[in-house]
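Each structure below appears as structure tokens.
Shared between the two complexes below is subunit A, which has subunit B as its partner in the first and subunit C in the second.
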Partner chain A sequence: MDQQMAKQRSRATGAVRSRLVFEQLNPWVTFSYYVVTIACSMVFLHPIFLLVELLIVVGVNYVARVRKQMVMVLEGSIFMVAFIMVLNPLINNRGAHVIWTFGGTLITVEAIFYGFMMALSLVIVLLTFLSYNKVLTSQKFMYLFSRISPKLTLLTMITLRFVPLFIRRLKNISQAQTVRGINVNRGSSRQRSIGVVKMMEVLLVRSFTDALQTADSMNARGYGSGQRSSYQRYRFKQRDLLCLGWFIPLSGLCFYAASQGIGRMVVYPALGSLGLSLTGWLVLLGVAVLFSFPLILEAWEWLWWNLLKS
Partner chain B sequence: MKSLSQTFKPSMGYAISIGVFVLCLVWITFFNGDQHYLILSFICLAASMLPFYWHFETRESEAREIVFLAVLATVAALGRVAMAAVPDVKPTSFVIVMTGLTLGPEAGFIVGSTSAVVSNLFLGQGPWTPWQMFAWGAMGISAGLIRNFKIAHNRYFLAILGLVYGFLFGWIMDLWYVMVYVQPLNIKTFIAAYLASFYFDLAHGVTTAILLYLFYQSWYRIITRFKYKYGLAGVQDEINQQSF
Partner chain C sequence: MAVVELIKVVNFNFEYALAKKRSLININLAINSGDFITIAGDSGSGKTTLLRQFKPELWPVGKREGQILFEGQSISELAKRQSAQSIGMVFQNPDDQLVMDNVIQELAFSLENIDVPADVIQQRIAELVSFLGLQEILYEDVHNLSGGQKQMVNLAAVLILRPKLLILDEPTAQLDPIATKEFISLLNRVHDELGIAIVMSEHILDDVLPLSNKLWILKQGELMADGPTTAVLKQLWTEPHLRNFIPDVPFLFLNQQIAAQLPVSDLPLTVLTGRELMQRGHVEVQAEAKSRISHDENGVVAKLSHLSFEYDKNGHYILDDLNLSVHQKDWLAIIGKNGTGKTTLLKAIMGFITLRRGSVKLLDKKLATWTKKTDQFYREVSYLSQTPSDYFSYDTVQEEYEERAKQLNMATPVEAAQNMMRDMTIDQIANRNPHDASGGEQQLIALGLLLMSNPKLLLLDEPTKGLDPIRRQKLGDILQKRQTEQNLTIIMVSHDMNFSAQFANRCALLFDGKLVAQAEPHQFFADNFFYTTTVNRLLRYQLPNVIERGEVIP
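Up next is the complex of A and B:
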């Protein structure tokens, strides 16, 4: 019993400690990481690049504790991946190595290969968004955009707060309807859906009435009487500057290399060689470092901790 | 520091957006810009949404209006977030079309795009977010633009419109992965993509059509009533005169 308690406690403290270093950075740094990685996965179309990127993204997701969602995303996106992998060879008849023909459609090795690479790239993007959703919380998202357009951010903020509130109200309404003898969870799907929209109608009337009060209290507290100020939860620290200081130049270098054709495999008209030149390997290293930015921070922290501890 | 609305005129967004489009055309014509579908599509997406956001951001508006729009956007977002129990019904498009029909193009756009962002904050952001913002925003705008015609308030017409909206929405949403990941881009590609998503689009369109047919009148009455209760009618006239 005690052991179990201790285990639970350690898990609880573990949850507190589990905030990554990456999550503590300024949202702008996090945001630029995601922009750069997603762009990289679309720019470097080369199987070695894509596989390395995939491995690192899986690693980042593993560290960011979104393991279960990873499987879910892969299951959910199987339709799109299959679509891309099948459609590319079917509609694309270019390529030198024909392996199959039917009804005037040529299936070429090149097209299959291209479809495979594209599907890989899509999977990388989808997996990257998993840790994005975990790391860039709605609060940080709001922080990023509150300076650019305060009114829209306010609107989004209010909407964001209304969603859980309205779900609770919807539950209340459905309970009241159940007491009256109307159960929206029974019947054919048509009856159910009509019941749901009727409930939403009730919700709309009720919420409009309540929201009027909210708006008036906002006015009473001086909304619109002057320039809006906003509370900045995240500061731009020295560490953020240091991170951006190497991250941005490195990604600039990588994109420059990409514009020179490095890290882009020749597929059409005939499949090129898989091998990479020396600069190719260097660019691959750069891309790997870019992708593993959160892992590097984590490893650095771990090293530092262990060095100081001993 | 002067406030944003004093510094920039609400209509300047149009000028910027037109400028961006001209630059894009120059890029396509002279610098092989049509090789970069992804970047080009994102630029066009942003530039086509910019004027509406700009106009909303820079004009004066009351707290009542913002909260009113927030309620509608929440109800629309709930259509995706809370309706997991009833898989066939996603009333989001219905709410957005109703907003456009009652409050006009700008409100329709704002409610559509905000509900896309907010529902994705719950369901997970992805590369599809900007496309959803655009597609639902465009749905709100077009519903708002036709609201002054008498036929737009006919239930049968609305049912057909709902079906059309379902397909148009699906076709816009197919673009985000087809444009980037399938080569070459020709008419066959798009037909294949649209065939692949036919069932989902049909389900979406039929749901929207049925909801518009059954609930148009009651929702129209509710939203219009609250429009006057909130005193948004004056704002409404202003929107009619200024934009579009």
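Up next is the complex of A and C:
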């Protein structure tokens, strides 16, 4: 039954029975991973860096089981990369190696290359958001930002809950209205618009009466009776601390290197060399480790269950 | 433990703001610790109004006279936080009470409101979850829970505040019979093991009466009877209007024929005690099983062949090669547990969902082509869903009916509307907003709207859900009249076995995507062991064919 399947699915993304080790970490750790990786993909504009990052992000999405969406995004990105590679030289005339001119517009190798790198970095960010959506559920997001405004967080959570409810309800109402002869899809445009207005009215009236009941239930359980406490579901465990212990310093080092110009290919005014210095390779290793954080955890888990456990 | 008086109500009257008459009249009652009280009465008798008086933060706007005391103090002086921790309340609709998006947060929400520190919250959740056995669904998204589970979570979210008194307003009205039994046995544990006093309003008393020590009957705002369960049941028997509220087992023992053979002082309330009494007293019951007319020689109105439906690719088949023929004037009741695809089947017949395989033929026309001519189709084939309020579009009941009549191009829309409202016995509420009507009235309003077009085939989804026994009888009578006089064919899905046994002329069981048993009701229920009516369970040892109380000769 679909309901049961949905149950299993939701269990898989739940905090306790998660598929990924990464999902079990405190939301703050998860969140810092995404902040760091997205920043990295925008800071290190170098083809080798970008390609390595892309490969690892694809790997992360693969283990995070968002393969279907990933294939869709990758298909779309081919066009996006092509589009940006064409657009950037058209609006950007910098660069030394001119390959074509028309009507005062210079098409340069540098601009095409820069467009390619920008597009690649954008693809990496898009792909990162796929696993982000899966791992950082709305609850975790709320947990992260509830400190800023508990009232607003509660309001947002209730609102988020109502959206799917609204959609389901609207479908049922439109079916019921069709049966009683008020049809939204047929008749003159006047009739149709009357139908739509009626339907929205029914939806609002119903949702309003239901919301009153929700308010009653909140009231009956003491909501608004004074100071509220806050129950945190995600505690900060030792493991989280250990993870942050190496992740944050390593990120710091990498960003320091970036500020020194390492891992940034010189494009303008003239295309620099593709090669990396020794420190360049070391920073690349560091970035690769940062990106592979979920994969490292997964690999360790696999090793433990398959080889180390006796 | 000495009995403590939790609530005392003295000469209480209540009148809603802008109302013309009082909704509660001269109420005097007391709730003691350890009580399990059931409140019954037809829709609009003031049950909800009365229950809400015990929660000052939920007081409806209006004029109050008299006194309500909680533990000797006026209840209006009870602070909100104190009230939340002393008196818990569970409402009818399982969905609307849930605030957060998963179970553990829902439980934490109650405690957060009263400023309990996080570590204590953790401890209280741990304790309650172990007591109620909620481990399996602790992190479940509330959308994914069944109705019964949702109501259990609602109960848990109130119990976690450790109340002394639990108030429940028709908590099982939206649940199927199995979920109802589970919920009530949970209430029994809460009452017996935790010693929490319970006050609960209900329409269907079969399951809850054996647990109650007191029964209150409300009639038009007055407390008509209050006292020990059996005494009140005997009093009810003398009121023809309210007699329908008596559950089957005590009903039979109050019946003249049996009462003459076996005068009992303590009425049996369960099948077990009832049957023991009968067997010990060698009671012979006279009954006549009224076999239903078969309409098989009439033309076929709905023919479903090889219906298959699934939600996802390679998903589980909700409907799996299902075949069905319904003849003119048939009243087919399809019975099955919640989630077996009963609603899906009706939606398939209406063409609301795209079938994977199979075809539907209604009134000798192919559904796929016919639904394109919407106006004509929806006049001849009609469908009443589980939420009648979805059908309303205007501000008063009268306007709904008149607009519907105009839409159907009737010659005299005003008269047509009046006639239909009279048929539906809702002419008293003609000037009210349909959304303000009670659940039972809403059902009748929506049904009337659909019957205006004189449909030849009517599909009903759980038509008796949330109806009191009086409205339920009325609904059955209206439909039966249409069936015999205007050749209406009805396909109904329901888990109300008593209603199906009383009115349907064919019954079928939906299981695993197929209709597994299809027979005349007597045959159907006599063959079933679990899925059968209370009357059949009680009497089957001597009268295997009797399925409803009307067949026992008075």
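Please note the rule applied: the second predicted complex is superposed on the first by the 259 of 310 C-alpha atoms of A that agree within 3 Å, B and C clash if a C-alpha of one lies under 4 Å from a C-alpha of the other, contacts with A are read in each partner's own complex, and residues count from 1 in each chain.
Following the convention adopted for this analysis, a contact is a pair of C-beta atoms (placed from the backbone, for glycine too) under 8 Å apart; a residue touches a chain by one contact, two chains touch by 3 or more.
A quick note: this is a predicted structure, and the numbers were derived from the prediction, not measured.
S.K.: After superposition on the shared chain, which partner residues are touched by A:Ala270: those of subunit B (first), subunit C (second), both, or neither?
M.R.: In the superposition, A:Ala270 touches no partner, neither subunit B nor subunit C.
S.K.: Output check: A:Thr214 vs subunit B and subunit C. Expected answer is one of first, second, both, neither. What do you get?
M.R.: both
S.K.: With the two complexes superposed on chain A, say which partner A:Gln139 touches: subunit B (first), subunit C (second), both, or neither.
M.R.: second
S.K.: Applying the touch criterion given at the start, work out whether A:Leu55 contacts subunit B, subunit C, both or neither, answering first, second, both or neither.
M.R.: Neither partner.
S.K.: Applying the document's definition of touch, where does A:Gln177 land relative to subunit B and subunit C: first, second, both, or neither?
M.R.: second
S.K.: A:Ser229 in the overlay: touching subunit B, subunit C, both, or neither? Say first, second, both or neither.
M.R.: It touches subunit C, and subunit B stays clear.
S.K.: Have a look at where A:Leu303 lands relative to subunit B and subunit C in the superposition and call it first, second, both or neither.
M.R.: neither
S.K.: Show me the subunit A residues, by the header's touch rule, that subunit B contacts in one structure and subunit C contacts in the other.
M.R.: 138, 158, 160, 201, 205, 211, 214, 216, 218-219, 223-224, 227
S.K.: List the residues on subunit A that touch subunit B in their complex, please.
M.R.: My answer: residues 38, 42, 80, 83-84, 87-88, 90-92, 94, 114, 118-119, 121-122, 125-126, 129-130, 132-133, 138, 141, 149-152, 154-156, 158-160, 162-163, 166-167, 170, 185, 189, 192-194, 196-197, 200-201, 203-205, 207-208, 211-212, 214-216, 218-219, 223-224, 227.
S.K.: If you look only at subunit B, which of its residues touch subunit A in the complex?
M.R.: Touching subunit A: residues 1, 3-4, 38, 53, 56-57, 60-64, 66-71, 73-75, 77-79, 81-83, 85-86, 88-89, 91, 94, 110, 114-115, 117-118, 121-122, 124-127, 177, 180-184, 186, 188-189, 192-193, 196, 207, 211, 214-215, 218-219, 222-223, 226, 229-230 of subunit B.
S.K.: Tell me, which parts of subunit A touch subunit C in their complex?
M.R.: Answer in residue numbers: 1-7, 10-11, 14-17, 138-139, 157-158, 160-161, 164-165, 172-173, 175-183, 186, 198, 201-202, 205-206, 209-211, 213-214, 216-233.
S.K.: Would you mind writing out the residues of subunit C in touch with subunit A in their complex?
M.R.: 55, 57-58, 79-81, 83-85, 88-89, 91, 93, 95-102, 104-105, 108-118, 121-122, 139-144, 146, 154, 157-158, 161, 311-312, 315-316, 318, 339, 347, 350, 352, 374-375, 378-379, 382-383, 385, 387, 389-393, 404, 407-408, 435, 449-450, 453
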